[in-house]
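Each chain carries a letter (A, B and C) given by its place in the written order, and its residues are counted from 1.
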Amino acid sequence: MTIKLLDLFEILAAEFPAARLVGNADVLIHDLAPLEGAGPQTLSFLSHPKYSQNLAASKAGCVVVGRQAEQLAVQRGTCIVVDDPYHYFARVTQIWKKLQQSGQASSIHATACIDPSSKIGADVSVGAFTCIGPNAVIADGVNVGAHCVIGENASVGAYSRLAARVTVGDGCSMGEGCVVHSGVVIGADGFGFAPHDGRWVKIEQLGGVRIGNDVEIGANTCVDRGALQDTVIEDGVKLDNLIQIGHNVRIGAHSALAGCVGVAGSANIGAHCTIGGGAVVLGHLTLADHVHISAASVVTRSILKAGNYTGLFPIDDNTAWEKNAATLKQLHALRDRLKQVEKQLVQTLSSKEEKS
Amino acid sequence: MTIKLLDLFEILAAEFPAARLVGNADVLIHDLAPLEGAGPQTLSFLSHPKYSQNLAASKAGCVVVGRQAEQLAVQRGTCIVVDDPYHYFARVTQIWKKLQQSGQASSIHATACIDPSSKIGADVSVGAFTCIGPNAVIADGVNVGAHCVIGENASVGAYSRLAARVTVGDGCSMGEGCVVHSGVVIGADGFGFAPHDGRWVKIEQLGGVRIGNDVEIGANTCVDRGALQDTVIEDGVKLDNLIQIGHNVRIGAHSALAGCVGVAGSANIGAHCTIGGGAVVLGHLTLADHVHISAASVVTRSILKAGNYTGLFPIDDNTAWEKNAATLKQLHALRDRLKQVEKQLVQTLSSKEEKS
Amino acid sequence: MTIKLLDLFEILAAEFPAARLVGNADVLIHDLAPLEGAGPQTLSFLSHPKYSQNLAASKAGCVVVGRQAEQLAVQRGTCIVVDDPYHYFARVTQIWKKLQQSGQASSIHATACIDPSSKIGADVSVGAFTCIGPNAVIADGVNVGAHCVIGENASVGAYSRLAARVTVGDGCSMGEGCVVHSGVVIGADGFGFAPHDGRWVKIEQLGGVRIGNDVEIGANTCVDRGALQDTVIEDGVKLDNLIQIGHNVRIGAHSALAGCVGVAGSANIGAHCTIGGGAVVLGHLTLADHVHISAASVVTRSILKAGNYTGLFPIDDNTAWEKNAATLKQLHALRDRLKQVEKQLVQTLSSKEEKS
């Protein structure tokens, strides 16, 4: 794809009134790339002043920069100066993708299996072999990929995009503008069993899943249906790949969870939280708003105060790790020995004082 | 759905002969819910005496309680008194789901691709676009969802339910009454390679997977086929979502594994074990029966004695964690310093004694 | 399947010129199995001298052994003596599988949805309901399972095998001889958002995924597309099940990652590395060639020196763990107390010396 820089700039002009284009507005842009790999038809960006060296050396046709890098950028060549270059560039990627895809008409594939009782909105696309169940509601502008299975009474809000091979279980709902990637399973049964005589008696999971607007869900992530009430993912939540969300979890608005996170049943996560990759949140815990959990940490108690929390064993070469790990298993005993030493020392000192 | 309380009670009367219905047997139940959200047509339950406060305040049409809460429950209103209210309620959820689904006739979808050499039992349902391979055996009453792929010579036992998008590999077998959720992959190749000249030479995985009766497998969980012999999941095992079961693992009867657990190849897990979410069991280890592993713990050695085991770094605010983690890397040195101090102290004391 | 031992031996003779068959070359082999379960028609192997006891007791029709076990093996019965019995046996499993599958003609299933603009090579098999997008290239001898979705401009190299239910996203490419298991998602969006006013603004992921030759990818593993440039998996890499590979990651040739590993965005992993199950590699880090990370360890910094690295909390019975974990939270304070004790002790000793 090729677009004149000025045309791209003008698409975003209303949204970023303070943005300024300095230099050659006629340069033709044919790709977006980082500063290092950029060529004379590349639009690039400087997200952080610490990469200024890369800026000076870059051959990009145009670079999006913040005000503090303006002087350097102007010396180098064509640039767009904005308050938040990372935000601006994010919007550029969206425009870029939209332009690439323009001309793709919406269509319902002939092989799709759509129950006649379902309601399909205007400008909806449905891919090959996708099944849409009885009384499901697919709102205007939704794009459902191939091989999806959308259950009875499920609903998908306007302009949401489902990639290929997504499952939306019976009675589960999703808001507007959501993006759901391949392999996602929404509304499988939560893990609920009553122990009885050494066996597990299944508790049928009768709740659903309610997903807000502008939620993104990464590939092969699972969001289980609630036991009796619903599992809830609020507006603007971003879930990466291979995440497990247990039954009756609630995730507050605009929280973001990185890949491989596990959230056990009935955990209540606040708004604007972030959880690093591979972290685990145990069941029935509460996290306040603006709690940030580091990657691979295990949340074993409720965290009611905003802030950054971590719990992971530092990595080391095997020899050092082995020594420290072995000692760790005697840590409590070491503490007792230290106490003992302190006591003896106090006695020694006091007996000395007595003597002197 | 609506059902008279007495009708529901009578369905379970033979199974729970000691259960008693006290109060208004004619109340119409139209949902099941926790005590807090319950209304006058809700059937609810009190699983644990510590929630007695919720019981008194609840507006539920009927509450299932244990004997110790009987007095309080009777004062409040209609109740069912049983020995194990959680078990009773689990069975109620099952009845509820069955009643909701009654009237759904079994059927083979016209688009399903069923090899003529396969054997399909009576009252089997097969969803849209599902493929059933040569010589596969689907027993009576099985329900296979849409978009499943069941391989050559695979078998599914009576009354098992496969959700949409399940893969059962060639030659793999599953017992009766199993529940398998979307995205599950049974019988992918185990991870087996012989290192040779800096490369990995594939060891074709020629074993299968054998799954017992009443096993439940959560969404996107994987159970690999064995290298030469079979991977075995015994009766009554419950696997949550996104679990990895390596080749030649054996999981003993009635064990339960929570989400995101990884079990490496040839691990041998006993019966009645539980493994918390995100835990890892290394390969070729043995866990005795009734071993319970906490969430996110890593089992690095065989555990031959029943009991509870844990190994996870406690979470803390970042500042505290950083200090402790940094010190942890010197733990072995600290121990040596403590030893040194103890020695010096002994010398000091003994020299004092000599002097005195 | 049954094959005469000599015939099997001769298939591999050119590749292993130093291999010798000692004993009854006419024995009919009908299965491959470990030493313990082997019968008179089983071909088995001894991978390591420490299992020599099993060798002596085995009833296998033939055992593949290394030179150091030759004497023992010959005394027992028929054997094949080679330099590297594990490598030899790996090749036997491959021959075995190929023989089992011989006679399966390649075919395009009638229900497959193949865009007329795609290029399909010779001897390609395509399973039921598989979708192949516009301008996709499927090279000679490729085997695509049922229910796969191969995107626009995607390409699959010669003789690669895709199991059922694999997604290959638009514009993603895979080399020759790859094996991809069910549920794999190649080319879902990377997890990229610009924070803005407490919300996350999506950065459209415009890069692709480039996968080399002889790569194997386990069930339900995800490899995300790059943000602007490509995510790269080099030749001979082996990925187990349920692995997350973030956007713009590079994994060097012949590295192997075990199940449930998470690699965050832009991590750069060298060649010939191994990463144990459940380990996490944080974003933007570099691992040198020949770095080996233990299971469940978290790589929080670049590792520029080949070697073995570990970071995991040792598992213990709950009581011991609780004591040690509680003390761990005071570790920094303990260190300060130890310092204090050391100082006091020095003072005590020096004051004693002064006195004496």
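General remarks:
The working rule: a residue touches a chain if its C-beta (ideal position, glycine included) is under 8 Å from a C-beta of that chain, and two chains touch if they have at least 3 such contacts.
For clarity, every value in this text was computed on a predicted model and none was experimentally measured.
Matching CA atoms, the turn from subunit A to subunit B amounts to 120°, rounded to the nearest 5. Here subunit A and subunit C face each other with different sets of residues for the most part; under half of the interface numbers are shared between them. Inter-chain centre distance (subunit A to subunit C, centres taken as mean C-alpha positions): 26 Å.
For subunit A, residues that reach two or more other chains under the stated contact definition are 129, 147, 165, 183, 220, 242, 260, 278, 312-314, 316, 326, 328, 330-331, 334, 338, 341, 345, 348. Chain contact summary for the complex, subunit A toward subunit B: residues 113, 129, 131, 147, 149, 165, 167, 169, 183, 185, 188-189, 191, 193-194, 196, 198-206, 220, 222, 224, 227-229, 242, 244, 246, 260, 262, 264, 278, 280, 282, 293-294, 297-301, 307-314, 316, 320, 323-324, 326-328, 330-331, 334, 337-338, 341, 344-345, 348, 351. For subunit A in complex with subunit C, the touching residues are 32-34, 37, 84, 86-87, 89-91, 93-94, 96-97, 109, 111, 127-129, 145-147, 163-165, 179, 181-183, 214, 216, 218-220, 236, 238, 240-242, 254, 256, 258-260, 272, 277-278, 295-296, 312-318, 321-322, 325-326, 328-332, 334-335, 338, 341-342, 345, 348-349, 352.
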